[in-house]
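Multiple structures follow.
There are two complexes below, and they share subunit A, which is joined by subunit B in the first and by subunit C in the second.
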Partner chain A sequence: MLMQLTLGGLSQGMIYALIALSLTVVYRSTTVVNFGHGDFVMAGAFLSYVLVVLAGVAFLPAAALAMIAMFVLGVMFNRGLIRPIRGGPHIGLALMCIAAGYLLRGIARMVWGREVLPMPPVFDMAPIFVGDLVITGDAVFIIGTVLVLLLLFFGLMALTDLGKMVQAVYQSPRGARLIGLNVDRFNDFSWGVGAALGALGGILVAPVSLLHPDLGASFLIKGFAAMTLGGFGSLGGAVLGGVLLGIAEQYAGAYLDTALIEITAYVVIVAVLFIRPQGLFGRKAVVKV
Partner chain B sequence: MSQIMPSARQRKTRTLLFWAVPAVLLLLPLTTNPYTQFIANGMLVSVLVTLGFTLTIGNLGQLAFANTAFFGIGAYSSAILAAKLGVPWLLTIPLAGAFGALGGFLASAAALRGIRTYYLAIITLAFGELMRWAYLHAKPLTGGTDGMPMPRETLLGISLTDDTLKFYIFLAVTVLLVKATLNLMRSHFGRAVMAVRENEIATASLAIPTARVILVTFMWSGFVVGCAGALFARHVGHVFPESFGMLHLIASFAMVLVGGLGSVLGAVLGAVLLTALPEYLRAFPGMEELFFGLIVAGVLVAMPMGLASLLRRVSPIFVERFYREAP
Partner chain C sequence: MDTPEPLLKIRDLHVGYGKKPILRGASYDVVPGECLTLLGANGSGKSTSMNAICGFVRPSAGSVLFDGQETAGLPPHRIFALGIAQVSQARDLFPDLTVEDNLRLGAMRRGGKELTQTLAHIYDRFPRLKERRKQATRTLSGGEQQMVAIGRALMSRPRLLLLDEPSGGLSPQFCEEIARIIDTLKEDGVTMLMVEQNLNLAFRAADRFIVLRDGEVVDGGDVRAMAGDHDAIVRNIYL
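So, the complex of A and B:
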């Protein structure tokens, strides 16, 4: 029972980790918190649905295409809407992200109305039985994909100059410019990567859940909960926070009440900000005045 | 500040104008049909919602998402008090305001721990989602997805389903709360609110307890929006959880931005302009999201301080204290 819950939580938590990571990537390199990110996740899920069900593309190429499309969309969003108000205060930037999210949601609803769409299962693998534990194909697929991606991501960050560039831009965009980094292009790239990673979260979740245009809102909260738990702005913290949140949800649902699955994230946000605002690995989040 | 402040005579004209508007509006029910009257009532509710919202994001400068939650708390507490405890609706208005203020306290209590900007925004976002969850799951109290009907009631022998009667009550509450908010923003406290927006550390160095200022602003915002919730419950006659969802949030953001962040005049203008339009879009799924999304994005790029900033250029009469040129 405990093992089964942990596995379920792990596979759900991997999705949250991905969403929190993609939020953090954008935040670290542009200091913008994308309050419309949930809808980027939703857009990824819908794009993969369109490609798989309506256009008949196989799942893997469809996922790749959807991610590329979302990368382009992220870059376009940064260039067209974020850059013109770049110098303004954080409220304007956050509102712009919200507006973009609603635009995506509006488009999704215009096309699909109020329907709920089921996606055909992608991995028709027979479940593996290990003792009492049932390991489904979906769980293997989700955990495997995210693990590979995380290895790739953190490998690139640690072994190439990319990690140092992220740090440089995070600490001082002007300083980064002085040493010859093209900060504008770097921001474009970060928005693209953030949007594509978020979309992948949606793509992975699509086959195991029902799709509807409002699905982004809850993923946004879960991404924030994971980020807050791990420490706002910490890349590794976001991943760990996501996994812990996924597992906590399953435990709360099984041992306390199933209705609690939905609000575990809110409770985590409130509890962390009151007890340890900097999260597990973050820097200080508190204003001392 | 490049703008000329209004002269003594212009200030007098402004006071006159302020009272002339509701005076003229008293005659409005003579010219409307039932549908336009219903829309006019909705506008008054939106004015209060936008007013409460612009206080936290415009005047205080803290990104807050909890506004829709205060609205829902107000509407549900009015409905519950009226339907379950038999409290007369008129009396539930200040009570709903008090519950809204309590919501404001809970949503911003983290400010006392030094939580600001993004963190505060996330906490208020979580608070809003938590309330939506509560409407759906506290079935014995809220009726779950079926919502709650408002009980039949009469006032002075007229049924409270009468839109003209509602209009006069709504107008009185709106004028009262707008005036109270204007006065509050002119007071020592109001200056402190805007000082926190400009520079919190400098404000704190003047011995102003900034966390408490944030908390009280949220509570007043919650009070205003809570009262609006009570009006709304009577306005539509049935409280549903969907009324306090994501669509209401973006609509409120759009109203605040179109009017002008942190401007009372702007809150009124934005609410009046944007209440009627979406009525026509409701038939087409997704159009409301697109409409409000485009408005928010467009205003941010083209006119970041909204209509109030245009009016300021027309005449100093429209200049409000401590307004900002840019968001």
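So, the complex of A and C:
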């Protein structure tokens, strides 16, 4: 039972980790918290739905296409709407993100209204039984995909020159300009990567849940909770926070009350802010000039 | 004196922040191989000069010619690629990256082919950085961080090095060390433009000086010719 819950939580937590990581990528590059990010996740899920169900594309190429499209959207969003107002107050940036999110949601509602769409199952594989433990194809696919992606992401960041340059931009934009980096272009890139990773979260949950235009809202909160738990602004913390949140939800739902699954994220946010505001991996607030 | 063709030619430069003008028609030259110091009171336009040369602020009028090419209005990364590197007052290092990463990053956009040799050269010059090359720069002392900042700028093999307050916040012994560093850079033929509040260091290290007041050049000359008469310059700066 405990193992089963942990596996379920891990599989769900990997999605949260991906979303929290993608929010952090955007936050670290431009210090903008993308309040529209949940709708990027939704858009990723719907794009893959359209490609798979309506256009008949196979799941993997559809996922790749949806991620590329969301990368481009993220870049365009930063270029067109965020960069021009970056010198202004933070509330303006937050509202711009919310507006963009609602725009995406509005488009999805216009097309699908209040319909709830089932995505055909993709990971059609007989479950594996290990003792009492049932390992579903979905879990294998989600955990496997995200693990590979995380290894790739953190490997690139820590070991390559490109990753070091991204870290440089995150740690000191002015320092990055002093070594001749085109910081605006790195920020575009970060927004693109953030949008694509968030979209992948949506693409991965699409086959195991129902699609509706409002699905982003809850993922946004889960992402925030994971970031808060891990330490706001910490890339590794976002991942760990996501995984812990996913597992905590399952435990709380099973051992306490199923209603708690939905509010675990809120409880986590409140508890962390009271007990350890910097989160697990956070240092003091990241101040950028 | 027979002056060579300037490496940097600044003509009638105007820069303002919002409505407030900082530089109001400053003109001066930096000739190859020299170390020129900008002097002046706070707000006279010294740092603004530096930032305009690097492209961090856009001049509203005037011209910045680097080796014959107009750079006013170019973005910072384009100006850096031409060979102008700045050691800023705040140093602007990457605190969580190691000393070696900070240095190597200096050569990502310029000087990459000679990266290994330049790095070895910098470690020769700053043995302390070699000892600490695996340490995060945030764990270093102020003086060591200043060495990293200078080393990082040198990694791009700049043709013009801008030094904004290199002695800022450092101990007197370290000021002497900065002066020695500038001497060896001059021996290597690096052209430098420096802003320095510490007049002892400014006169010890520089070949020439100019004085800015209210965004214009009001005085200037050869440092050696002024030896022993720093009072006159100080009066000119602050009164």
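Descriptive notes on the structure:
Please note the rule applied: the second predicted complex is superposed on the first by the 283 of 289 C-alpha atoms of A that agree within 3 Å, B and C clash if a C-alpha of one lies under 4 Å from a C-alpha of the other, contacts with A are read in each partner's own complex, and residues count from 1 in each chain.
The rule we apply is simple: a residue touches a chain if its C-beta (ideal position, glycine included) is under 8 Å from a C-beta of that chain, and two chains touch if they have at least 3 such contacts.
Keep in mind that this is a model prediction, so the values were computed, not measured.
Of the two partners subunit B and subunit C, more residues of subunit A are touched by B. Contacts of A:Val270 after superposition: subunit B is touched, whereas subunit C is not reached. Within the superposed three-chain model, A:Met96 lies in touch with subunit B and out of touch with subunit C [touch as defined at top]. Contact with subunit C, but none with subunit B, is seen for A:Met165 once the two complexes are overlaid on the shared chain. In the superposition on chain A, A:Arg174 makes contact with subunit C only, not with subunit B.
By the touch criterion defined above, A:Ile85 reaches subunit B but does not reach subunit C. According to the touch criterion, subunit A has no shared surface contacted by subunit B in one complex and subunit C in the other. Taken in their complex, subunit A has these residues touching subunit B: 33, 35, 81, 84-85, 88-92, 94-96, 98-103, 105-111, 113-114, 213-214, 217-218, 220-221, 224-225, 228, 232, 259, 262-263, 265-266, 269-270, 273-274, 277, 285-289.
Within the complex formed with subunit A, the subunit B residues making contact are 57, 61, 63, 110, 113-119, 121-123, 125-127, 129-130, 133, 137, 200-201, 203-204, 210-211, 246, 250, 253, 257, 261, 284-294, 296-297, 300-301, 304, 326-327.
On the subunit C side of its complex with subunit A, the touching residues are 54, 56, 75-77, 80-81, 85-86, 88, 90-97, 101, 104-106, 108-110, 152-153, 156.
Residue ranges on subunit A touching subunit C, taken from their complex, read 161, 164-165, 167-168, 171-172, 174-175, 177-183.
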